[in-house]
């Protein structure tokens, strides 16, 4: 009889075979201590200032990573020894944004409380989720300090009063809620005419550390990242990495709501993220503000998946002694 | 010296010259009794079930109507005797949807209370705004009954509990809040496989009147509209017309979040709306669920503006005796 | 604790919940006599004369039907009593087209032999698969005659010698291989300048029955379909329905390799297919030549899914006495 | 040895094989009395009011007609007995529009003077070329009257003083230059809000005959065309047909600079043009205002070629007795 | 009562609030000595060799700069102390290109004569406008020499006889009209296979100075720009900067009529333009050949606005002593 | 009389005038010893793993090179002294891929046998053609060794058993068929997560030499290319250059079936190919896996033509002593 479609026998899994889907029903029977990282989709973008379909990114990631292999040829790193699970999406509400945010915060808190050895990776969604993710971690361990390494074109320090917990305000939200100190934030990649002067003034008053693209290129982007990590490790217990895809040059990442010319190059971002992945104190990360509807030929979504895998490459290279 | 760009001298205005912009500051000094219709942009689409940029439609309308003249050649109707003002947009909040909705409701109530002789036309935004618009009217005159003529592919009767006041629930919202009776709703244009059977059952239990595309074509779409208006005029004080752009066939209106094949033709919609415009009891209308980001070659946005002008053509033809 | 994403409780399934996936491993333990219809993806388009990504259609169907409900509002037909399974894709080879075709033929033969009471629905792929599908049926029951109802802009009678079993030759292939008689073919929807005169001459010599779009509109498309079915039921044991998506007007179905202006309207096709579905002797069908890469805003893919559901609506309406 | 690419042996030519290219150098040795129709590309669109790439249409026609056969299946008309030549493009200047126009006028005059039995078909370019084409004919035979059958969404009667010989003014240009009388113009297809009332007044004062889409559909478009031809044949020696592609509904022809919703359907236009082709006094035609850069999936360009072939189908059906 | 849409209270203006629109009627009452720079839209692209919608760029600039702030974070330069006005568009004719050009020339002359302390910035339009702009300046002060710093993929030295004052000829036009000397032209950014050898020979004979992309990268683009400015300041009174957007790599600027692979990077252009802005003798500039219709996701239009703001950043940094 | 369109008199040809088309009928009367290079289109992409329209590339090349001049300004190299002919396309079959491959192999063999002094340049088509091209050369001169310089994101060493001679297997095909040794293959440009670890292991076992993007950038891409050529010239008689367009970063070359972020920059590729062109032992080359249907604004197709001309620039610079 005829054969239905079957995957050919391969000596190794592809990315979608290597990352296991963990159903909620199986969560309790799982030995979480052996899970290195867990991916949580956060399909929320109604909190975005401008219209965004970033809510579709988690599903697009799952489709796009089928065309990647879990082997980084340039670094000669095989990711398959890592145990990575996909937890699916955090449930979101259609019209109650605060309920959405609460769910994200609880998800992060739950992960931190019950599965502290598993590194959470959130796939946004818009940048508002970062505030919720870090607050959730903080809720669980309020005595521990958290630092933020942010790769972004923007400060994300706009007025909470005016916008609420939107994608333009997460860092301000974190500072003003006491979840972290301004001086424990490092933002790399800011550039151009996309941050009002008053926001820069706020950043300086709050002690936020920042390195523009121009400066980062002058000293070397790798140096900039290493420097930020070195500073942070002296001051905080946990470092959280947040990658706003609009840090990339608009021509390299057409699929973001606020993309701008003059940004980071793709290979620069991959290397920055890989380096962050190698640092043992980086214990959470997210990728946000990728709008698949604006994307062209999947340039941005493939780049987003590559960011994820670059981070995991660094994680594999991490000295776990 | 050189001349700057100037509009050529024309014997007649274009649409953007004919529709006057009314600044908030001038509202008090305006003789509203001489204003026939007022356009209110409602840039809200974060209450949409699927990601939508319908919030950009009001601004796109204002750009697109520059290429229209206020003269309907086929009906030989000159719209310029009508006094139509553009009030700008109802202010929306970034992360608090209930505050957005409240503003719309207040806008509709204010218009009804202070300028009852001016017909309000809302340019959405998603379909959730229709519930707010009608509730606002109802707030002002609770003793008056309102009927709804809805042109839509969908019932918009999904669960309020599950979705809240989203674009899938406005009619249910209106019925369950007592703003109108199910039997005072006429929905024309439903078709295909886009309404769960349970929603149809709800519609029937609630007494909602509905005519599918197939039935409407059998009896004639004009007949269907006339019949709905005739029924409604016997039962309600005020008729509100809502046009969900997704009632159109997907090939005729690619720019909607939930477009479907098998829908209404463009010229059918224009005629349906013109007829509704002629009915003296139609005292409010809106156009919703047009997503300019999904649009192609401005097909949908131009069609939306045409719907607006077709309605005003009917309004001019209305027997005002 | 937080809740992962969950489907809301609904009283009824959506299309992707209603159509069950049947894994090959479970095929033997299945009571096929209770399965009304089985969907087989046929991801083959390297046999297309012009470059085509029709091979991606089965997977796109599976994504697109998530936005459909199994309830036809216009016909008031609930499809959920039907048992429909998705068998996945027939395995295709990358560089050996004859092996691909052999697999399709075997699949059709196997279905016919072992599960004769289950109606097979093939989702192409290009039109070459129709020849294989019918040959497979014929292989199993060589004594039974098969008739073909073809909705197409083209005769598909091009030279086998020149092209081999390509998407331009399936009907010629079937006639010349003796799988069916030319006089048992009815082609409805031919139009324009897209069939060489010599092909029409071949059609006439072979006795192929054909009705152009212009003629079909003159007599009524429904009449044309009924007439073809009535003629066929007198002459053949089994009728096979094949829908080439390029029968649609190019503006209604931009996503086909050989789309042309002047074709069928969407709602005409839905009705034609529904009528074919009602005929008890129609025991196989396919949908072919839909190229998702050329599609715009999913117009064609949504239309393709609608064709499938329209056929099943007719199937539900079929008098099974 | 290997064979280079070769066209397969076919019993009949394709359109690009049937339409012969006539090089300027061969023009003198040609027996023009045996040439039925001659195609002239007119790659001019810098005279378009809004930016347009209609200048690219002649070349796109030549590419697109490779996918058409010279056989109309619906009419059972084989075009190959017609002798049709492609004369290439009328040379255009980059910055001197009046020189461009003069070349077109001379081309039309030359054709009329030296090859009066060959029907000229101009492929624009924007609508300004129609004025030049008719003026060229008039230059040659000033004593003969010319009538115009125009299929258009617009009157093309805008102010010559303001715009000069642009795509918005050709009919006014013809009337005011005395090339034809307003009463010898028939415009079919006007609709919507795209002609200022003052233009309609001008049309009426000038005696221009016009039938809107709505009226044409009421009486039947075929009736409208027949009626216009019947009126014109009583009054003029020669009828010139001009097809502005924007007469089509925007969804049917996305590739025009001023497309609008609510226009003619594709099959309606094909039939209208075919009927015009059958009239023996129609001795010139053009197709204008098709902008390939705005086109989607070649919908408009394929439709344009189909218009050309539909006209020639009528020409074949013409009673030449 | 409800509040209409209002801009939130901000401590600083956005770009569209900072750049004031100056109506023609107010021009006489303006103290021009306090205006640092004036923007003039030049919506002319019918003089482009290939079809171009560069005429739409001025309006697109005005829309796009709403998403920029007048603060350059990387340079820590606040632009708001600069007084910049938008004068609107130079009026253009539809069919008389020489009249268009004359208006531009007069506009430049008028600015130079009456408002010499205000730096004019022209937003094209195609490159033909540069010749007119410089000729206008020269008309006013014929005794002063002008030098040209051109960032372009092309020499723009094609034959005036053949093309007239088109977008391929402005530099030749300037040289042959005696408006400037070939040796006072510096072209940086030429590359690839896009300039015929004869044009390069013409350039060399005329003494035009040029630095290819490859050479510019070898010596450093900043060095190249500084070097050109240093040479020019020795020889001319006024330096005019012209930025042809096609100097950018096609992937960085998809929206140009003649874009090519292998060009300048976005950040290189920003820096080149900023440096030019710092030079006190640069007293005029333009941005040309940006076609918004070819643009993708606003990459090119945002880049164009960024070029404008980068130039103004340099202007702020200029030593005005 | 009017003038038809004529090319303006230029002192030099454009690319499409310089590259002569050689008709098969004229092949025998041609003095091949004076032909430096011959272009062969290979319109085959049905052997591509994923759907690809690379078969349309040869025709698109011929259209696109009309906008290039045969003069490299950056290198000051005039290509016109080279004699380059376009032989048209190798004939391909619709459904028999092995016959397609055989034709390509014979074409390459014929060129090698009869016209050994003419360098063959194949324009694909997918990467499967490279195996056929090299096998054809080997067929003619089995005693001569061939080396491969491959610029690619992928090894192209996937299983022949599973895929057959597809675009994922050409290098394996060549090694396993004994056409060349693994150690005579140099692959430059590999990167990211797009090669399974088992393929890398195969490469190492087979002795394939490879340099990743990261390594190539570390040592300098030019150094990498020179080094590969230097190694190869010691070991093989003939070097064949194959350029898989997906070696480019996805943002630089959106039009490939398997494009990936993190790849080579456009100008890097141009330089790499030019260097390869200078090496006297490079006696064959091809450009493959460019899918024009996925392209955006012709970025990739223009880049492909530029690659061809860059190679010929190197060829002109070659020391032919």
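As written, the chains take the letters A, B, C, D, E and F, and residue 1 is the first residue of each chain.
Just so we're on the same page, a contact is a pair of C-beta atoms (placed from the backbone, for glycine too) under 8 Å apart; a residue touches a chain by one contact, two chains touch by 3 or more.
The structure displayed is predicted, hence computed values, not measured ones.
Participant: Same or different: do the copies chain A and chain E touch each other through matching residue numbers, with over half of them shared?
Facilitator: Counting shared over all numbers used gives less than one half: different.
Participant: If you tally the C-beta contacts, which comes out ahead, D-E or B-C?
Facilitator: Answer by contact count: B-C.
Participant: Hey, which chain ends up farthest from chain C, C-alpha centres compared?
Facilitator: That would be chain E.
Participant: Chain A to chain B: how many Å between their CA centres?
Facilitator: 40
Participant: How many angstrom between the C-alpha centroids of chain E and chain B?
Facilitator: Roughly 44 Å, centre to centre.
Participant: Return the residues of chain A touching two or more other chains; collapse runs of consecutive numbers into ranges.
Facilitator: 162, 251, 294, 296
Participant: Okay, in this complex, where on chain C does chain D touch?
Facilitator: 159, 162, 190-198, 200, 212-215, 249-251, 254-255, 258-262, 294, 296
Participant: Which positions of chain D touch chain F when the two form their complex?
Facilitator: 1-6, 24, 41, 43, 87-92, 103-104, 106-107, 109-110, 114
Participant: Note which residues of chain C are touching chain F in the complex, please.
Facilitator: Residues 45-47, 49, 51-53, 55-56, 93-98, 128, 162-166, 293-294 of chain C touch chain F in their complex.
Participant: Enumerate the contact residues on chain B facing chain D in the complex.
Facilitator: 8, 10-12, 14-15, 67-75, 78, 251-252, 266-267, 270, 296-299, 302-303, 306, 309
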